[in-house]
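As written, the chains take the letters A, B and C, and residue 1 is the first residue of each chain.
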């Protein structure tokens, strides 16, 4: 069994795939963010394209629909001058692992250069990376409950642009920690970047068992969890969870865990409010906070393009 | 409340958005048509692309499905060398105005440059234009019963290429005037261009109340409505109207309002027959007329690309 | 009635449309394969694009869904630097031939340059080619039970890259010959290229009546059909046939007509195993054979891109 580290970095220590934040050290995370920084200025240009991936074919291989994520990767690829193929694979057609491999083999044979993979199954992107031809890079765009590493990276990038250093920060992640691939990736990234105090705030039913083993402090009370923090990362509430017994009503959830102006006052005066979007106003966050001066939610979206461009460029370089 | 004129033209009097024909004077309409004229020759070239919007991102934001309209805008954008993102937004996801704004804010944050908006609700494109970031232009590709200004412009462009001047023309618009955003936009354009006599011909149930206030002459009898006209603009019959009480059967409609060769003889000998397409043969128009020597229906399609290119280029220039 | 030959080749003997293998002689088939050969090397390049169709618009006009085929044509067109429009036409919208023509006329009027047509009805691509404007080329991407000529050509190309000459070969096509447009096209191509012995192997219910008239040898017994052959072309089993009375169960089919290692031993030692994909493992072919050293199934996919690029370039040249 190849370790994730060996799978993700090649023998020269270059990024070959981007599957997870796990195994990437602080230096690597900063290198990705430094690269993203160079694309930030693209926004100001008249012509927003750079020819770094000209003639390359990027396949958005989505086994799970997500217009939003697909759009950001498509834009990132096009701004790098790549050709983009969008392929939605019905889960039914790939029920057997064998058939998934056949799909991959076929696309490989068409001389494509990169797979951006979104899948409801944890480990799907790793599975594909493990079996893919040497010239192809795999980017994980979210796999099951496991990881969503570009989201975590864009969050780190957003923090880095506002805070002088990661070390002294207190960061609270608030919401459904148990089912969130975003939270998992964020925790790994924050720890790798040396953040001293990472808190997770959620109802007890939405906290993983033995969550402390990840190096985080759990809180069930939002007011206490927010005390004196520098950054608040809200998670999106998956409304379908509401139907099970895991969650009370939306109104009840908002009463206990919704981020309001009053609660925000518990945090540091220059606290950042983040959210991966799309936000549920009045469920996990009030409009006043979402649109308020602490919110960097829309900035995150722009950073998402820059981080995805960075990851694509770094991974593609290795393949050459 | 910002007036439409102020919304559509910027302080330097340049086109910032293209939302409606209302408020654009004859000079403006001719300027758009003059610009379209320069793209007409693109058809004859080996390489049909011009680099005017290279590096720009155009988002086709369709809240209402329309392959045909989406296709013409996509082609127009690609011939201007822009990147195109097609996004179909399920109406359900944007039931609340708030959520529509969040969708817009998110796309803005991805540094896109233009929204081409199609929406079932009247005023949707205006709403978006009113709230959009300063660097973004909005093109209305049809909103509810309100307007479909690029369709009206391409119709004017088609008339201009065949008739020496607008002033002395008699133009008849035939069909479901009441529900037609196309008819509304056409009437505004024809009046702005100085056409003396604009007629609307429809069963009484499909004429708006007090339609005369728009400066048009209503007719319920087709033969009389066509007498001596220079241009006939047929509207597409929305077959779903047939199911209500508003309309008789297709056969009955054709008998009373279908454009046949016999009826065409009432008009001027050099009359133009126009239709926005797709045509319902044997419902609103006979095949003999649709394919006959007076028909410029297919020409209109080509002009549609040129007009959309023109509007995109003019609106994008303002943003720079 | 224009003959297929006259429809497909123009007065200067150049390829104007690519509708069927029928009527193309050995010289023509080799010319297409020679052109494809020049694109084979594209795979090795850093930038995989060539500017041969820059500024041209290719419309994938699919009346029948096929992600796989659509993807290969889209990739081929993009690697030639063309713009691609994907249009899925609901069959209902074109129930009447008249309406299909109106769809075509409209797209023509948008100054597109090529239609890649997929249709459930036999002869659809021919019908369109017969009525299309002079500057437009039509490529048949599969029509009903009639033809799938690019698939046949890529199969010939794959054989040519492995076998020194076509003449002495023995080739067996195995599977549902009766319903297969692929088989029809392959038979025509193999005969045109001078292959002495073309066998078709299938249950009696899946062989066309009087199949010998095509110049092939029918076999109902797979072991005998494979004896001493140089090439085996497996067809994909359309599982929906299973529901009628035409076919036994999958298990029973595999027992009688599945290609296993044991059966493969009947063929020549350097036999090629081909399949148009996607394969049904354990239905028409065993995994050991599909992934084994005789299999060129994935090579075929890559050749599919090269052949489609070749056909597009040759047909577009005529239009100039």
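Things to note:
Simple rule for what comes next: a residue touches a chain if its C-beta (ideal position, glycine included) is under 8 Å from a C-beta of that chain, and two chains touch if they have at least 3 such contacts.
This is a predicted model, so every value here is computed, not measured.
Copies chain B and chain C of the same chain sequence form an interface built mainly from non-equivalent positions, shared numbers / all numbers used being under half.
Superposing the C-alpha atoms of chain A onto those of chain C requires a rotation of 120 degrees, given to the nearest 5. With centres defined as mean CA coordinates, chain C is found 42 Å away from chain B. The set of chain A residues that touch two or more partner chains is empty.
Only residues 42-43, 45-49, 67-68, 71-72, 74-75, 78-79, 277-279, 281, 287, 298-302, 304-305 of chain B touch chain C when the two sit together in their complex. In the complex of the two chains, the chain B residues touching chain A come out as 54-57, 83, 85, 87, 98-99, 102-103, 105-106, 108-112, 320.
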